[in-house]
Amino acid sequence: MYIDVHGHVTAPDKLYAYKAGLLSHRGAHGHGHSGVTMEHVVEALNAPHPSFGKVSHLEHLDQAGVDIQFISPRPFQMMHSESPAKLVEWFTAETNDVIALCCEADSRFRGVAGMPQSMELDPAEWTRELRRCVNDLGFVGATLNTDPYEGLRQPPAIGDRFWYPVWEALCELDVPAIIHSAACRPPARESYSLHFVQEETLAVAGLLQSKVLDDFPDLKIVVSHGGGAIPYQKGRFYPAALRAGTTFEERLRKLHYDTCLYTRDSIEFLLRTVGVDRCLFGTEKPGTGSVKDPETGRWIDDIHLLIEDIDWLTDADRKALFETNAAELFRIEV
Amino acid sequence: MYIDVHGHVTAPDKLYAYKAGLLSHRGAHGHGHSGVTMEHVVEALNAPHPSFGKVSHLEHLDQAGVDIQFISPRPFQMMHSESPAKLVEWFTAETNDVIALCCEADSRFRGVAGMPQSMELDPAEWTRELRRCVNDLGFVGATLNTDPYEGLRQPPAIGDRFWYPVWEALCELDVPAIIHSAACRPPARESYSLHFVQEETLAVAGLLQSKVLDDFPDLKIVVSHGGGAIPYQKGRFYPAALRAGTTFEERLRKLHYDTCLYTRDSIEFLLRTVGVDRCLFGTEKPGTGSVKDPETGRWIDDIHLLIEDIDWLTDADRKALFETNAAELFRIEV
Amino acid sequence: MYIDVHGHVTAPDKLYAYKAGLLSHRGAHGHGHSGVTMEHVVEALNAPHPSFGKVSHLEHLDQAGVDIQFISPRPFQMMHSESPAKLVEWFTAETNDVIALCCEADSRFRGVAGMPQSMELDPAEWTRELRRCVNDLGFVGATLNTDPYEGLRQPPAIGDRFWYPVWEALCELDVPAIIHSAACRPPARESYSLHFVQEETLAVAGLLQSKVLDDFPDLKIVVSHGGGAIPYQKGRFYPAALRAGTTFEERLRKLHYDTCLYTRDSIEFLLRTVGVDRCLFGTEKPGTGSVKDPETGRWIDDIHLLIEDIDWLTDADRKALFETNAAELFRIEV
Amino acid sequence: MYIDVHGHVTAPDKLYAYKAGLLSHRGAHGHGHSGVTMEHVVEALNAPHPSFGKVSHLEHLDQAGVDIQFISPRPFQMMHSESPAKLVEWFTAETNDVIALCCEADSRFRGVAGMPQSMELDPAEWTRELRRCVNDLGFVGATLNTDPYEGLRQPPAIGDRFWYPVWEALCELDVPAIIHSAACRPPARESYSLHFVQEETLAVAGLLQSKVLDDFPDLKIVVSHGGGAIPYQKGRFYPAALRAGTTFEERLRKLHYDTCLYTRDSIEFLLRTVGVDRCLFGTEKPGTGSVKDPETGRWIDDIHLLIEDIDWLTDADRKALFETNAAELFRIEV
Amino acid sequence: MYIDVHGHVTAPDKLYAYKAGLLSHRGAHGHGHSGVTMEHVVEALNAPHPSFGKVSHLEHLDQAGVDIQFISPRPFQMMHSESPAKLVEWFTAETNDVIALCCEADSRFRGVAGMPQSMELDPAEWTRELRRCVNDLGFVGATLNTDPYEGLRQPPAIGDRFWYPVWEALCELDVPAIIHSAACRPPARESYSLHFVQEETLAVAGLLQSKVLDDFPDLKIVVSHGGGAIPYQKGRFYPAALRAGTTFEERLRKLHYDTCLYTRDSIEFLLRTVGVDRCLFGTEKPGTGSVKDPETGRWIDDIHLLIEDIDWLTDADRKALFETNAAELFRIEV
Amino acid sequence: MYIDVHGHVTAPDKLYAYKAGLLSHRGAHGHGHSGVTMEHVVEALNAPHPSFGKVSHLEHLDQAGVDIQFISPRPFQMMHSESPAKLVEWFTAETNDVIALCCEADSRFRGVAGMPQSMELDPAEWTRELRRCVNDLGFVGATLNTDPYEGLRQPPAIGDRFWYPVWEALCELDVPAIIHSAACRPPARESYSLHFVQEETLAVAGLLQSKVLDDFPDLKIVVSHGGGAIPYQKGRFYPAALRAGTTFEERLRKLHYDTCLYTRDSIEFLLRTVGVDRCLFGTEKPGTGSVKDPETGRWIDDIHLLIEDIDWLTDADRKALFETNAAELFRIEV
């Protein structure tokens, strides 16, 4: 069974037209409603998508044999840095509602909540929407953007007490956070996509050198895209770990990582560095990787095939990677 | 014949979903294309719209008997203050292309261009798109936003030499500019809708006390929404005009105004202040005023009915207002 | 009987030389005293003034037959944005004292207080001077500047809780506030005079869409210069009012307006829009309008003549406008 | 014969009321005119002044036996940091005109020009007014404010090329500059009066360690108030001078200093440090020091008496100090 | 006996290499330790120093016959404006520890503490290190930098309540503060050395016109370098003192001053102005003045010789200056 | 033969004490000289260093058998963001001079220049020091910091024309640039060490998507630390490369990378991703990795052992990696 922990919602144009409206009237027209209906959702999920190799979201799942996919908001659409904060609150709620509609439309989906991470709000206020999603909509986790300023200013480091209300809510609700940044605005030098990697690098390093995991021993964190640069650059952190009487690999194992890396050697590298038991199958499918490699004929985001190709994995390893690790961490009944 | 100089495009959701994408990836996906086709345009023009009293754009025109309508971008969607500038350029071009599609879809429409008024660009660069619209797409004028910062900072005053490249291009192309601001962002205290009024007030006062109209005697300016506060507050400007040996009414007549005011008494006030020959029929229909007054049963933006109600207007006056003034100013063949 | 609610003090040069000194030494010489005596005041009130058509303040009142005039500080001299705050406090107190001297010098005058609206102070601190003026000097109201930053930054919107201490003090003292902004500094695009209009526009729109008038049902507000742009642009606000089950005219009637508009048609427009019972006779005389119209031979600010000319007003209407409305709102014994 | 090089104009209230107006309307009323006439000037020069011990300007000169006094604008009134720049230009011109009137009113006066030192202008633009004052009004020098931001920001250091256009104009016109700062605004910690001292300290140190005096060997600089802290703190600069093969006293002698120090021992200290030939009699009378010392019965600014008391000065020294040094430097015919 | 109250530590290069490291890793390597040992300290104190005339610190003391010298951190090395605050805390502690080592190495030394005056900390937090130095290390006082921003921004004025926690701690511990600023960064126009003078000028003027000395009658303040500009410019403060019924000299005597002025006439000037009983022998030796005057063959900072040269001083005066004043103020047993 | 392209100078404390002095006096003491002599250099190179496992620099080289080591300034000491720019210029020159001394002291060393990358200077000005180092001191390359603001602000992206003067100078001198950032200041969330990785990630992505390598086909770039995150995250860039008709691996091969990664699997990953011919042996020894792994008994930075362990490398591969690639790229005669 394939549980893909890293999917994003494929929403109808109506949701984004609603967003464009919010950014234009800045709240003058009120919260209103995106107008998205079940019909729109079903159409969007089945529509061949030009950005996704002209194949629909559901067909992508069919082709890859995904049994369960977690879907969260498209991160780059989250607009956490927009003002006033109510725009962020409204759009996040509408997006989570569309995700809920998708879950209703196709039983393969499980919802992962976005939070209205406006820096004009206190993080405790962000968690109201998280509670709604988990308690009312049955979502299984949340994405966490470590840079709500989206590149405009430096946010508090991930180890800062600023973030504690989020950790508290996650522990209380007993759901994991998936680290995944959102957009990235000028004057930052990177695109949003590279920003994901940079933020994941900061998140892993920041969490492991902070007291967060001591203060919240039950906190469950999944880092997207295989942990940014850290596994590959791990040697740089060996001396400090040695001085502290441990190894950096041990430290790395306090977090979980998804396999959303698009190359077999990178995935192998991750698995060997942090251990199979710390990794979760994740594809971001359909998405950036939904392009066919002319040489192999595969979709670049056919991560299940890359994992199947790794010959040294046991059946138990594969079951853990594809199913059990995620099922246990997110308490999914399979 | 009714020529309505103040309409905005009713574009398909796809255009705004494209905009939402631009604001998310900030250019990382390139210019691309909104994906809007003639089919989408026709559907959008004929779709009953929840914000417009559940009546379609074309049906609104039918009901009001509008023969020709100028359509420009929805001003509050223009996002002139977004960065980097290429986002503004791309979205403006896509929007103007959708307007061109509408003109092709229904012969009642004439295009009025938006310009990519990013303050990261020189105004001379804005006019490239203006030239394209007039020369290649056959548009008859342009909207001009006097506050491209959209409330974030103070822009140069309208009399400043900063704006001269725009005046030069308008004169060279021999098309009028329609003053109409765009969105308005925090920390401004007003909504975009009140911002229109404030900017029109500033524009009329600023143009009349500057040298712009002396330096560009052929420049044609239409001020939306009846000139903001100025006609009603005209007495405040009498002393300065008297000192200069003229009257303020004479000065006001250097500009044109549309009738988009929604009440008969305001329209009458405008006509009596600046003269029928300075006014153009304009409705912004469908739009803010597309709500039925329960008492009269009329749409609030049924401005043609308000004008018909003004008993002291002659037939010649009405023909001028509804048709000839606009036809001459914009060189429309009727 | 004519009660003119909109007059400003004609103070001796000494007061402004004192102000110039404050702005130069920034408090190093202490509060001191403007040095203005009754003698200076009498001379200033009787001196032909070059800015006021070479006629004195008192002669202007004589010519117009004004029986009672409210005088407040010259708004553009208020310098609310100067720093440190004590300069604003000192100059406001000196100005209010000169107003008190004027009231003593001529029984036609009633004082309207300025408040030291420095943004370095809490609004509750502003009201100390208001209390002194009402309780000790017998003033009948206060002017309120909705933009104490004088164009340098965006102040809190008028519906914000920031302003509540002022509303509380006004209700407690049972005196009205007259909305009237002060100066306007670069980089704003408008002169102080146009700034008045812009701020009044914001004030009316902001108050009517906020909860202020619900939270302070006894609050009495007079908006200067006929309410800025709002009466003329009223149609723009019809749809929202309709959706709320009322009319915008009903909403407008929650405030009062003065007639300081300088043209008969504008005054008529105001009276018809908000009702005679919501309007107060106000001239700002002598002031901006103290220029003779060569055609009519009248002073532009001869607003009593404009009102007399309105043929559809009944005697009762005129009495209300000229006397009773103001007498009741400000509790003036006549 | 007493030539007092450090006096400031005692202007009528009208000039400062004019300034207060400029700061209120920010240019909306145009340049206009202060309205100061010869009559006002004569009255002001003869009026007993509350800030000056209730004695008039002319009586102060009579009492001290001053034969010639240079008068420049009251420095703290110069408002160089106000915006827009035209306010500074207008007020400076009006002030210089009042100084010219004073010179006409009493033959004892010689004019020293203020320059419109707005940082929105280029220093070359400041010198237009200097040329007018020297060429048209017969002024003998100029004051130079080394901090035109008046404490709001850091200006370029006095040795910076920024100031070169001023040095060029002074040399071309062959008139000295008198270093004297103007006002000082928050958040600076000092009053304008202490700011004078701080700026003079910076000016002496800055000029002596820059190349200005090498690049402009004919430049004539007078530093007010005895050179700030530098003569007293001279030892601090000995090592650097020694390393350069000279003495700091020699360096100090490249500038001139006035005696405006109010105590005999400070004046003696100055004379002994820089030499009698580098010092000019200056009193700033009437001004800060126009207070009677109850013990001595003298005015604190009776600097001529302090100098007369210095027993080691020869008659030739006194003549140089009181007359010849100034006459030669400023080319005054005596 | 000579007690020199104004000396700074001559620390080994290791301390400054440690500082350079802190400023490079910004805390990433932790507090660590400068690595300075007693051996390094002894070597540094005995090493001929190129900046100090190629003579060692101890030899300078020997030559001048100094019996006791107070040593505080080299002020310009204090780096109070660096961020994050822990860098300032760490370096201050290491420096104070080196001072303690010096005191242990040579019985002539007494420690004067630096405080970690980061503006990211509350002044109450600064005093923890002061308490440690006085209580644990036996230090006799503290230096106080009145500009912890080091020229980057305006700090609170010295009379502001911001500084009260420092005054409280000083009084509680019964030790004096020595006013001495630290470095000075661009865009300030002065070097750190002139900054000392400017800050001392501000400190004397600021303390004497504030309520600090009334609120803390037991507070003991020593101003370095003879009080900046104030003694020399004292006349400027006479009028205000007279108005308050006192003399400025009386006011000046509320503070103490050191003699670190490098010229006999300046020292005489100071002694005559504030009284011998308010002055303390101080040399800043070795330091800025450790250069030989080729003419006299003396070190410029041979301040004991300058004082010996003052012929009008009595033996009692000299004893007070050189020994008793300091011994009493700092409670030194001699 | 081992050529180690990634070493940093082990300088005497005197160099850093000199730096600490510069940061304290901000230029007031002039450029001066660090005072470092050959004797100091020899002592520093032979001193057991507490941060480097208590083993000296030379002994580290001996133990590892390094034949030639390139040494550049310690990156985190470069202080590019300090002001004024002359501090950066002076310290860079002193550091390069110390590197030259090291090269003289031990024939194993080759110099790699630091440039004075102050953002107050034009990049063309930086290259003066580069020319001096290459032409006069015989250096073989330069380090390039892609973030001269050191985390305080966003610098221009590496593809921006801002950097072109540097590329021009490198090509003209025919020396490679080694990408290596410097320090990282608050409010950045990462330490300088993680900043290296982030900047290398940005540099590789930025260079490969810009026109730099097209415009400068002869430009030679070595990216430190194995290219940041990019090799590991390479799959993320596959789709864009495919769309451009190439593969991302081909693109990656336009740059060179050093092996400074500290773990065998990471080095293997790098070699397999970009090819042995694109990799250069680099150790950063002694440095961050100079800690003994208790399990293996090896230094963490014994990168030569890690490479020797890679069993699939041929002898030719090893010779290329250890010697020939570097010798050819940097034109080293071996």
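So that you can tell them apart, the chains are marked A, B, C, D, E and F in the order they are listed, and the count of residues begins at 1 in each.
Operating definition for what follows: a contact is a pair of C-beta atoms (placed from the backbone, for glycine too) under 8 Å apart; a residue touches a chain by one contact, two chains touch by 3 or more.
A quick note: this is a predicted structure, and the numbers were derived from the prediction, not measured.
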Subject >> Partner chains shared by chain A and chain C (touch criterion as defined above) >> reply: B
Original post:
When A-B is set beside B-C, which has more C-beta pairs in contact?
Top reply: B-C
**OP:** Tell me, please, which of A-B, C-D or B-C gives a repeat of the A-F interface, judged by over half of the contact pairs matching in residue number.
**Re:** B-C
Original post:
Interface overlap for chain C and chain D, more than half of numbers shared or less than half: same or different?
Top reply: same
Original post:
By mean C-alpha coordinates, which chain is most distant from chain B?
Top reply: E
Original post:
So which chain is farthest from chain F, going by the mean of the CA atoms in each chain?
Top reply: C
Original post:
Which whole number of Å gives the spacing of the CA centres of chain C and chain F?
Top reply: 69
Subject >> Interchain centroid distance [CA atoms averaged], chain B/chain F, Å >> reply: 57
Original post:
Hey, how far is the Cα centre of chain E from the one of chain F, in Å?
Top reply: 43
**OP:** Give the residues of chain D that touch two or more other chains, as numbers and ranges in rising order.
**Re:** 193
**OP:** If every chain is a node and every touching pair an edge, decide which shape results: line, ring, star, complete or other.
**Re:** ring
Original post:
What order results when the ring of chains is traversed from chain D, passing next through chain E?
Top reply: D, E, F, A, B, C
Original post:
Touching chain A in the complex: which residues of chain B?
Top reply: 12-17, 19-21, 23-28, 35, 50-51, 74, 76-77, 79, 83-84, 183-186, 191-193
**OP:** State the interface residues of chain A toward chain F in the complex, per the touch definition above.
**Re:** 154-155, 157-158, 187-190, 193-194, 197-198, 201-202, 205-206, 225-226, 228-229, 231-236, 238-239, 242-243, 261-263, 265-266, 269, 272-273, 288-289, 291, 293-294, 300
